[in-house]
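As written, the chain order gives the labels A, B, C and D, with residue 1 at the start of each chain.
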Amino acid sequence: MAVRTEPFVLNMGPVHPSTHGVFRMRATLDGEVVVDIEPVFGYLHRGIEKLTEQRTYNGIVPLTDRLDYISSMSNNLAYCLAVEKLAGIKVPERAEYIRVIIAELQRIAALLIAVGAFLNDCGAYFTPFLYMFREREKIVDLFEMVSGQRLTYNYMRVGGVSQDLPEEFMPALRKFMDKMPHYMDEYDQLLMQNEILIARAKGVGILSGEQAINCSASGPVLRASGVNWDIRKADPYSIYDRFDFDIPTQTTGDCYDRYRQRVDEMRQSLRIIQQAIEQLPSGPVRAEVPHLVRPLVGEAYARLEAPKGELGFYLVSDNSIAPYRCHIRPPSLINLTALRDMVRGWKVADLIIIFGSIDITVGEIDR
Amino acid sequence: MATFDFNIYNLVNSQAVPPDWPGGFWWHWLFFTVVIIGFVLTLVMGVIYIERRGMGRMQSRLGPNRTGPFGLLQPVADAVKVLLKENIVPTAADKLVHWLAPVIAFAPALMLFAVIPFENGALLADLNIGILYVVAISSVSTVGIFMAGWGSSNKYSLLGAMRNVAAIVSYEIPMVLAIVGVVLIAGSLSLNQIVMAQNVPFVLLQPLGFLLFFAAGCAEINRSPFDLMEADSEIVAGFHTEYSGMKFAMFYLVEYAEAVAISAIIATLFLGGWKGPILPPWLWFIIKIILVFFAMVWTRTTLPRIRIDQLMAFAWKFLFPMSLLNLFITALQVLAGWPTELAWVMVIVNIAVMVVMVFIWSKFFFRLGGGRLEA
Amino acid sequence: MTVSLSGKEVASKIEEKFSGSVVESSAENLVIKSDRVLDVARFLKETDGLDFDYLNFVTAVDRYDHFEVVYLLSSLEHNHSLMIKARCYDRENPALPSVVDVWQGADFQEREIYDLFGIKFEGHPNMKRIFLWDGFDGHPLRKDYI
Amino acid sequence: MKLERYGIGIAKGLTVTIKHLLRHPTVSQYPEQRLNISRRFRGNELIWNQEKCTGCGTCAKTCPQGAIEIVTSTDAAENKYVVEKYEADTGYCIQCGLCVESCPYQALYFSHNFECAKYRRSELVQGKEKMLDTPERKVSGYFYPDKAEKLPEQTLLIEKITEKR
């Protein structure tokens, strides 16, 4: 008489140590094996797209800080690019270079958290997380020096940047730049070759190239599946065509490749910052833009390569001081569409790692 | 009456029969029960401090340093806080089982210390089947942990408890076989005799046995890379998710008391218990326990967690055959009489055997499957 | 540099295949009849000249008298992109065919449009609200939502 | 797990952690050791300069949260606005700095301290008198480079020696 077992539903509820925020997964388990999962969203839904319709164009910048609160500088930049494309504003040279330096520093800071949280989900008890937070702390110090806040920077404005870099910024950045590679090699030595991590992450949660494209994944998740698509190279915005850097891609698209992909991308960002520091011109940091911007009737979609993926703003204007409609393309939410097929058949422990390797921020999912 | 010299050494010379303590057997029993309970609880406090401080320093942060000088009273502060916490029992819980689980989990952890010698002959019961008693008692705590998992009627704790039962069953055998290797050389099961026979510490004579026992021991008490029973990133807090207040304190104590017990057993079996050049024997014993425990803290800080099916595969395909082979080789060496005369030859041979075997296993035999079940 | 194809060229190709499915086409605006969206989508994905295999995003705009659903498609190997729109004039229960079978990436975005605008997508595997709880009445992002 | 590198990966990882035992911790003891915050720090209180303020209300209009409330009455003699009531509800304020940036008469600054927690929500509302420039409520250099020079240099984690003991 075969023992009858039936799958039970386990609520990886909004409050769970490794759901990276208030995100819930209703996992149907058969013993340890995951039969099916159904993500539940909406715990952090603040209606940001409705709020943008009652605010002036500059009043929306502090709202974009709260989308992907781990990389608010990239959100600010994406929004400002969209408004500048809509209103046809030309940004001065120095502001462009400051934006590139700050965006790439923000990418390193956000990827550090992504990798740290992934390794923490694998079980390395907070050690890699705290090491990577130490590096992120140095970047956040620089951002605090420039913008005045540590998380919600509200630094970029339509037409440029709100304030120029203080004098002590450059020496501090140079000191950070020549110490960072040493620390990155140390992190690789910590866990990159670790047999337990290789056994846990290699071959787990494989996302093939076509499946990634079909699920419109973007960012490290797409490139780890072998698709060579990076918006900084494919559709260079601001002045990314002046820097030479290459796009790392991996082959199989499993959790280990996504981890290695993020580490390689951090190294490329260091290269970009190095070149941007050398070519930094002097001059104004903000175009002559009225405080209340009133773009003409029309629509525009601008996007950039945020640490999580392709972050875009679709703005429709009706020539008033507030946008008629502002849609935000959430890379975290769209990357999750592939989660269901990647996770079926794996165990509970792998579900956590696959979810951690996609690296989402709930602020951007629920908006 | 000679001045009451507190040095136990000359009072209790080595014999199997309990010593003729001035008050006879009952005084001896009372003295050692008090010593064991006092020793275990203070060492558990010290060990909690070492773990939190050590892990803190390894993660480039400070660790507790506010309560008491250098944070030494942190474990006491933790205990007081946990005891004052409200004792919540989930409504759907099986009350009796939920209440009894910590007791059954905690008792064996203390009973293990009955046979561990603090000094030559200074132990509660010098059983001549000491090590068998240790192995038997250490698997009783699994019942307690499973009762906790079942009693709190919470899916996460059920998962944790099922994992615990599966892991402990499959790690019993490599652990016992590693012990048998040691017993073969020492010639006796009593822990005191084993320590006496260790003029060359068994970690050198039995390097492979030491590795196997350390791995299996860590899996038994779910520490370092094998801490699946309360894998906090996956199943919240495993079997003790629904516990709070006093009962949580008991489970917290169980975890560390068992860690101290396993490191005490490793110290006695492999590192030559209380044998040491200048320092008094019981101090040597404590130093070795702390040394072994620090190794556990070190692995816990660095290594990621193993998945449950890899844990099983590691036990059955890696540890078990290796321990059989190790036992076979030790038996041959003991037959040829090496441990007594050519001890150092045996050390070199065994280390070579260990390196070769680990190389062969990891290169050819031990291949870990993908783990994906096509639903 | 991603070339955004002008609506006119693609409109002529679509007209050949599905006559009468293009409502309006100008340099950067291409509006498709709402019930032909699925066939046009499949056509845009399969023909090898265009092969838009990547859906950037799906969103909706409430233009008071009609809803406008905007699809931005791009092709990764030709590196060109195209923005197509579909309008639905019925405000009580607006409906559009779902493109989830063509691009699986549209799954959550279509649920979000249903949740915030009330536009139902037929053929969507699990047409439910995504952010708000099921008992919520009304669709917040509509212009007339108080 | 396949130890194809025979546990070398694990050993190298372990050496990294043990090396950290010999390094300085990067943490500092907050109440006793206080780090200098950035000169442009946006503290959670506003500082208002009564003389310079002309009551134009630009700050109240630009505030995305509507946290600033200003009531003015006209003074016919000097043909000037007199600010009757000027309140900033720091409960609503998200410290975005748009008000300080948009004030045409440089009458509004940010304060430089961040320890302004209150027990009551009503205490969060900063009235006119609680916003004046007093010694213990220092002015932050956000958008005022001259004021930034007077503030102490920010302590950076990069300068802290964490390598050798």
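Some notes on this structure:
Assume a residue touches a chain if its C-beta (ideal position, glycine included) is under 8 Å from a C-beta of that chain, and two chains touch if they have at least 3 such contacts.
In this text the structure is predicted, and so the values were computed from the model without any measurement.
Taking each chain's centre as the mean of its CA atoms, B is the chain most distant from subunit D.
Across the two candidate interfaces, B-D and A-B, the one carrying more C-beta contacts is A-B. Separating the CA-averaged centres of subunit B and subunit D is a span of 51 Å.
Subunit C has its Cα centroid 63 Å from the Cα centroid of subunit B. If you average the Cα atoms of subunit A and of subunit B, the two centres end up 44 Å apart. Taking the mean of the C-alpha atoms as each chain's centre, subunit A and subunit D sit 25 Å apart. Touching of two or more other chains is recorded for residues 127, 134, 190-191, 194, 196, 199 of subunit A. In subunit B, the positions touching at least two other chains are 58-61, 301-303, 306, 310, 368.
Multi-chain contact residues of subunit C (touching two or more other chains) are absent.
Contact annotation for chain pairs lists A-B, A-C, A-D, B-D, with touch applied as defined.
Of all residues in subunit A, those touching subunit B in their complex are 8, 10, 16-18, 32-33, 35, 119-127, 130-131, 134, 190-191, 194, 196-197, 199-200, 203-204, 344-350, 352. Touching subunit C in their complex are the following residues of subunit A: 41-42, 45, 47, 49-50, 213-217, 227, 229, 234-236, 301, 303, 310, 312, 314, 316, 324-325, 327, 329, 333-334, 336-338, 366-367. The residues of subunit B lying in touch with subunit D in their complex are 54, 56-62, 298-299, 301-303, 306, 310, 314, 358-359, 361-363, 366-368.
On the side of subunit C, the complex with subunit A involves touching residues 1-2, 53-57, 59, 61-62, 70, 72, 76, 79, 83, 103-109, 112, 116, 129-133, 140-141. Subunit D makes touch with subunit A in their complex at residues 1-5, 7-10, 12-13, 15-17, 26, 37-42, 62, 64, 94-98, 101-102, 110, 140, 142-143, 148, 153-154, 156-159, 162.
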